[in-house]
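Across the two complexes that follow, chain A remains constant while its partner is chain B and subsequently chain C.
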Partner chain A sequence: MEKFFLGIGIGLCFLVLLCLYRGIFGPTVLNRLAGISAIGTKTLVILLLMGFIYDRVDMFMDISMVYAILNFIGTLAVAKYLETKGEV
Partner chain B sequence: MTRATDDVIIKTVSRIFTPFIQIFALYVIMHGHHSPGGGFQGGVILGASFILLVITQGLDKTRRRFSQKLDTIFCSIGLLIYSGIGILCLILGGNYLDYSKLNKILPVIAAEARSLGILGIEIGVGIGVMAVMYSIFSDIVTGGE
Partner chain C sequence: MFLKVLSISFMLIGFFFFTTATIGLLRFPDFFCRLHATGKGDTLAVLLSLIGLAIYHGFCLASLKIISIAVFYFVAQPTATHAIARAALRCGVKPWAKGEERR
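And now, the complex of A and B:
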């Protein structure tokens, strides 16, 4: 089972690179925002998989929940900033 | 940035979501010595919940519940708890923040007094960090008026 989680984690790391490409070279601001948000979600799942591999999922659960909350608030703040500036 | 959003989904989700964020922040503060987290991290999450309220519900509505005066009071109370416990240990004959000396005034053994002292420090740091986070954010957003 550990090998299975490790394989999924490495696959998600590859997908993070694809999202990072969209975040860096995205044509508009909204593409960048969506790319960064997707990276946050993938990082959350990778953290949980690390918790399963190290057999301490109760600790990694707290970290990933904090990550999810801050990712949500951060995306909302950037969206509000763009709305205020009138770029969208 | 300071006025309320007109999107009903974001407004409703943030209104339902904020109490859960605050409960989770209190859990991080109180459970800090068994799991990742502690005073600073819990305070940051608690401050983030107020920042979420300012972003979604508007600054005026948030200030009606949590005014600037209250924010300053919380900021001072956090610092007072932290330095008060430290100086209390100094008065009781130990070093600064030497919690084991607290068993002279608490009816527990030295190890338990150390645990309780650390918990008190974490509560103080959490309150202080929450108030300072919120005040920095509201200062930046309003341009410091």
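And now, the complex of A and C:
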């Protein structure tokens, strides 16, 4: 079963690299924000898979929860800033 | 054995939705289309993957916490997507129409 988790984790890392293309070359700030938010989503699942692989689920679960909250707050803050500024 | 097969199938479906969301983020022609793909696909994929992991772990406090992460994400990610889309609309980003070139 660890082999299966490892395979899913490696596939998710490859998808993170694909999302990083949108994060680097995206035409405007908003495209970059969407790409970085997608990377944060995949990182949440990768952290939980690491917990299952190393057999330390109870520790990695809290890190994953904090990562989800930080991703949400960060995206919301940048969106609010851009909305107040009024231009991209 | 049955629970293991169930959790593996849940995680494979979740990985499929992650892949489609990433392809949509890369290939769609417009900012709003990209946001639509990644917002919906990633939310469903996180929900399916975390349910699969919780089934594999069995019923205890840890799996309840994993389910609570999934529920939090199911509320939080559409809110964040809506905030980005509203910011883009207030900033004057025009939605893509058929026949225009890719942006």
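By definition in this document, the second predicted complex is superposed on the first by the 87 of 88 C-alpha atoms of A that agree within 3 Å, B and C clash if a C-alpha of one lies under 4 Å from a C-alpha of the other, contacts with A are read in each partner's own complex, and residues count from 1 in each chain.
Here is the rule we use: contacts are C-beta pairs under 8 Å (C-beta built on N, C-alpha and C of every residue); 3 or more make two chains touch, one makes a residue touch a chain.
Keep in mind that what you see is a predicted model, and the values were worked out from it rather than measured.
Of the two partner chains placed by superposition, only chain C is touched by A:42; chain B is not. Touching more residues of chain A than its counterpart among chain B and chain C is C. Contacts of A:64 after superposition on the shared chain: chain C is touched, whereas chain B is not. In the superposition on chain A, A:86 contacts chain C only, with no contact to chain B. In the superposition on chain A, A:76 makes contact with both chain B and chain C. Once the two complexes are laid over each other on the shared chain, residue contacts for A:10 go to neither chain B nor chain C.
Common to the chain B and chain C contact sets on chain A are residues 58, 65, 69, 76, 80, 83. Chain A makes touch with chain B in their complex at residues 58-59, 62-63, 65-66, 69-70, 73, 76-77, 80-81, 83-84. Chain C makes touch with chain A in their complex at residues 4, 8, 11, 14-15, 18-19, 21-22, 25-26, 31, 34-35, 38, 42, 45-46, 49-50, 53, 56-57, 62, 65-66, 68-69, 72-73, 76-77, 79-80, 83-84, 86-88, 90-93, 103. Every residue of chain B that touches chain A in the complex is listed here, in rising order: 1, 5, 10, 14, 21, 24, 28, 35-37, 41, 45, 48, 51-52, 55-56. Residue ranges of chain A in contact with chain C, taken from their complex: 1, 4, 8, 11-12, 15, 18-19, 21-22, 27-28, 30-31, 33-35, 37-38, 41-42, 44-45, 48-49, 52, 57-58, 61, 64-65, 68-69, 71-72, 75-76, 79-80, 82-83, 85-88.
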